[in-house]
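In structure tokens below, several structures.
The two complexes that follow have chain A in common; it is paired with chain B in the first and with chain C in the second.
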Partner chain A sequence: MRRQILNSPDDVVSEALEGLALAHPSLIVYRPDPGIVTRAVPARNKVGLVSGGGSGHEPLHAGFVGTGMLDVAVPGAVFASPTALQVHEGTVAADSGRGVVQIVKNYTGDVLNFQIAGELAGDDAVRTETVLVADDLATDTDEDGPGRRGTAAVLAIEKICGASAEAGADLGTVAELGRRVARNARTLSLALSAGTHPGATTPAFSLGQDEVELGVGIHGERGTGRIPFADADTLTARLVEPLVTELGLAKGSSVIAIVNGLGGTYPLELHVAARAVHRGLTGRGVTVARSLVGGYVTSLDMHGLSVTLLPADPDLLPWWDAPVRTPALTW
Partner chain B sequence: MTTTSADIQLVPDFGRLWVDTLFETFLDRTGALGELDRRAGDGDFGTNVSSALRRARQSIDVAPPSDYSGWLTAISRGFLGTGGTSGPLFGMFFRDIARCAATGEPTLGEFSSGLTAGLATVQRYGKAQVGHKTMVDALAPAAGTLESAVAAGAAPGTALEKTARAAVGGARGTIELIAKRGRASYVGDVARGVLDPGAAAAAMLLQAAALAQAGPGGRVDTSWIDG
Partner chain C sequence: MRRQILNSPDDVVSEALEGLALAHPSLIVYRPDPGIVTRAVPARNKVGLVSGGGSGHEPLHAGFVGTGMLDVAVPGAVFASPTALQVHEGTVAADSGRGVVQIVKNYTGDVLNFQIAGELAGDDAVRTETVLVADDLATDTDEDGPGRRGTAAVLAIEKICGASAEAGADLGTVAELGRRVARNARTLSLALSAGTHPGATTPAFSLGQDEVELGVGIHGERGTGRIPFADADTLTARLVEPLVTELGLAKGSSVIAIVNGLGGTYPLELHVAARAVHRGLTGRGVTVARSLVGGYVTSLDMHGLSVTLLPADPDLLPWWDAPVRTPALTW
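After this line comes the complex of A and B, so read on.
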């Protein structure tokens, strides 16, 4: 039986966003109607960046609103797409005259509502471009279907596009940069236990003590297979190896690595995994040019982690290194 | 030479009449639509439709629309502010419907063009074809029937009545289909034998349009959705 720090499951998203805004009054503002989070001081004369999706993945996306990243976040209910009107309001709010890049994780509802919002924004003479994030290697199949899910690579895209937009790049340039990162980044996840919905008492699925779910999604979706529970180095290798193969990372190549906690993984565990990722990559002659370790794209209190690898093209690193100041990411 | 009925204006105040009839028709039936969705989809359809209409009603109460386009835009925005995937699709459908009139109430031809445009928009976003067990199965025969009726010179009342019948026929046809799109596509054979709630709702809204044109006093017969 899981207990949670809640008033009411219906209010969890709005109350948490209110709390986030109260904690960071110099960075963000929460507008309950229509349900968007904007910068406290809107940027001027730059390409706007809006992202959003279901809640339950905090600090994504509202935690990444601020200088050097998003202009607006549009949170839906837990694991549910924001509405088209919400995204429309967010898109219009993100525009300062140079158009808006919508960063969308690849889920049917999100894609539909962002597409519609883009069309509605056209009525307001706001130009939009879309970057679709579909990085989850576990859902890479040849079958005719919705395609790969969007997971933790969205963080890299928001950071890199955010820096480029802040530096004054135009709409097409920011969008193309985002699409390139989306094409090149891949993520793989595993979980020792699933997350529990606000108000629910049992997790989305259960696993035996000796089982680990490989290839999980971030909405309580089952993975692609079970693997035996093992030590951190062994488990981490189950994520790194398929990514290295998929990306064709040869000796001498260089990556940006994100070791991401899924909500219920504590920092000591994550850094043990980060060590394993580092050693696994360097052991293959792959340099870790930059890395980020922490719980950034979560799934409620899921106990698990994801690894995202992005080939570190030399021109990407200055965007990655550029200053950022948001509730959840600052350097 | 055949005379079309494209230029005949629909009844005065058609927008308000249609929207009023919509509210009345759906009020008691969202529970039944939700039940269909629980049998074949994920169960949220009834709630989504009722919250979309509630949102539309609120905006109408706050700022009463002054013309056809205003009435239908309120419905469109009600749906666009709703979750799920059918909600936004109906929202975009009504957006085309709201835009079909050049000024004031639409002519029959404009209404027909609006329906055809709305169908195309739903298909563009939803990627559904006829036979996929979605709202398209009601809207496509309706749009085709209305186009033919207008070309044949049918009076608006007759044309919209035929359109509604075609939509109901199309919706009823979804009972035997296996879903290829939407949440029901995940449950495969389980959904066979169940009327698609999206198609049912699409047919009901065209029944409401026919009744609005026919004049006061009637009531939309939705008993067919109970099987």
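After this line comes the complex of A and C, so read on.
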């Protein structure tokens, strides 16, 4: 039985956000009502960036509020969309007169509530543009439906759009840049075990000792199937190969790679996996122009990882490399 | 049964170090033979800082190599001291002519091998000073014995000595500063479950559903006893109260606080705990001058946390705040 360090499941999100803000008083402020996280010193005269969604994916999104990344994060309850009014408050708070880009992971509730919030912002004369993040290759299908889920590519979009906005780009330019990254980035995940919801005592799903869930979603959604448990090199190849194929990465191409722990993967494991991903890519003739390894877009304490690849167009790298100063990402 | 993302238990440390170095090519280099991690660009004309010890505590120590912190990390196998020859190579590599401070956590093998390495370095005309880290309050006793274990305070010592060395302080000054921090900092830990050694399938110890191990060591060593499982506020108070008493923190005093996840604690839990620690301290009239919250000194995938308190002497804060650029700590 999984136990948790928390007080009440109902308070876990607000208490954790308070804890995050107390640890980073120079970077962020948590406003419990309406439930948004803003920069400690609001930016002036730049395009605002707001993102949000269900909690349980920390440090996403509140951990990415700060110079060079988000202006405002709007956290919902665990695995639940923030309300439209909450997103509206966040959008207005992100505006310094040049409009706001809403970065939205592709889940029905998030999409709906950000859309309503965008309309409400319009009533307040705040211009908005939306970047929809739908990078999860496991949910790529020709069938009608909700489309691909939004997962760890959101981090790349927040970083790159954040740098562009900080440099003074206008609303349309920042949004178009984000949409381009969203079009080009793909992610694939696997899990050895599911996360346990705060207050629950058993994981969201269970796997046999010889099973690994391939294509798992960040809320524990089922993937494309179960594959045999294997060593790190073999498992990561099951993520890298489909991504390389999907993105058409020929020899000589170059990528930004994010190797992301899902919450319950400890550092030795994650860096063994990161090595395997790096070797898997370079072995296929793909250069890893930049990489980021850590637990950035988690699913509570899920034991697994995701790999996100984004072709490293030369004009993207300066945005990726630009200074950033947030609780969870600083360089 | 706990499964792991790895290839071979024998290769986990070297592969993870290779993965870390591949992810941070501008910061660090991993030299598999003799098994040390150095800065990508060695510092010149400054006191060198070397630390090391058993692996399994990542990002400690290799994650703290870089500007403003360590020059060299010397990782042993999981939970095993590096060899004296390995430490010697690391010590020589850390020297740029002004001597080397060895930061050593208080475990018999580490102490012995760093001592031999210091003597070997002397033969090479490399001057060394040692800072012994022995902060674990759970092992504080008047009896003869090995003394207190070294745990998460090592991070504060590496940060503060690193800043001082980077600013040009001489060997004796850096070492004395480190010894002062070592004297004044104390840590206390608890665990809800133990970590699992790479290649093993069961944790190092097991606890009942209503038990928490108080005073656990970072290798899964037993603590001072088992306490009842409780909510986050209650559990963290069991760490904060003894630390406040031991350090004699009166109302109006001020601390640097490190709330450290032990590897299997996910971000929501850790920030709920960080809030509780912060409130626990301020409720006792103790100001949290600075805090650091994250998984910095881990014990594989142990589910638990440690709290380290260091009185925030005014002259320490500039060293704490000084810029640092390493894989795991950057500001």
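Couple of notes before you dig in:
Note that the second predicted complex is superposed on the first by the 331 of 331 C-alpha atoms of A that agree within 3 Å, B and C clash if a C-alpha of one lies under 4 Å from a C-alpha of the other, contacts with A are read in each partner's own complex, and residues count from 1 in each chain.
Heads up, the rule we're going with is that contacts are C-beta pairs under 8 Å (C-beta built on N, C-alpha and C of every residue); 3 or more make two chains touch, one makes a residue touch a chain.
Just so it is clear, the structure is predicted and the values come from calculations on it, not from any experiment.
By the touch criterion stated above, A:313 is placed in contact with neither chain B nor chain C. With both structures placed on the common chain, the touch criterion links A:77 to chain B but leaves chain C unconnected. In the superposed model, A:113 lies in contact with chain B only, and not with chain C. The partner that reaches more residues of chain A, of the two candidates chain B and chain C, is C.
Of the two partner chains, chain C is the only one touched by A:331; chain B is not.
In the superposition on chain A, A:124 makes contact with neither chain B nor chain C.
Of the two partner chains placed around the shared chain by superposition, chain C is the only one that A:229 touches, whereas chain B remains out of contact.
Touch criterion not met for A:10: it reaches neither chain B nor chain C. When the two complexes are overlaid on their common chain A, residue A:246 makes contact with neither chain B nor chain C. Chain A has no residue lying at the interface with chain B in one structure and with chain C in the other. Contacts from chain B toward chain A in the complex involve residues 77, 80-85, 87-89, 91-92, 125-126.
On the chain A side of its complex with chain B, the touching residues are 76-77, 80-81, 83-86, 88, 108-109, 112-113, 115-116, 119-120. Across the complex, chain A is touched by residues 1, 3-8, 12-13, 15-20, 22-23, 55-56, 58-59, 63, 78, 192-193, 195, 198, 209, 229, 231-233, 235, 259, 263-276, 278, 288, 291-293, 295, 298, 300-301, 303, 305, 325, 330-331 of chain C.
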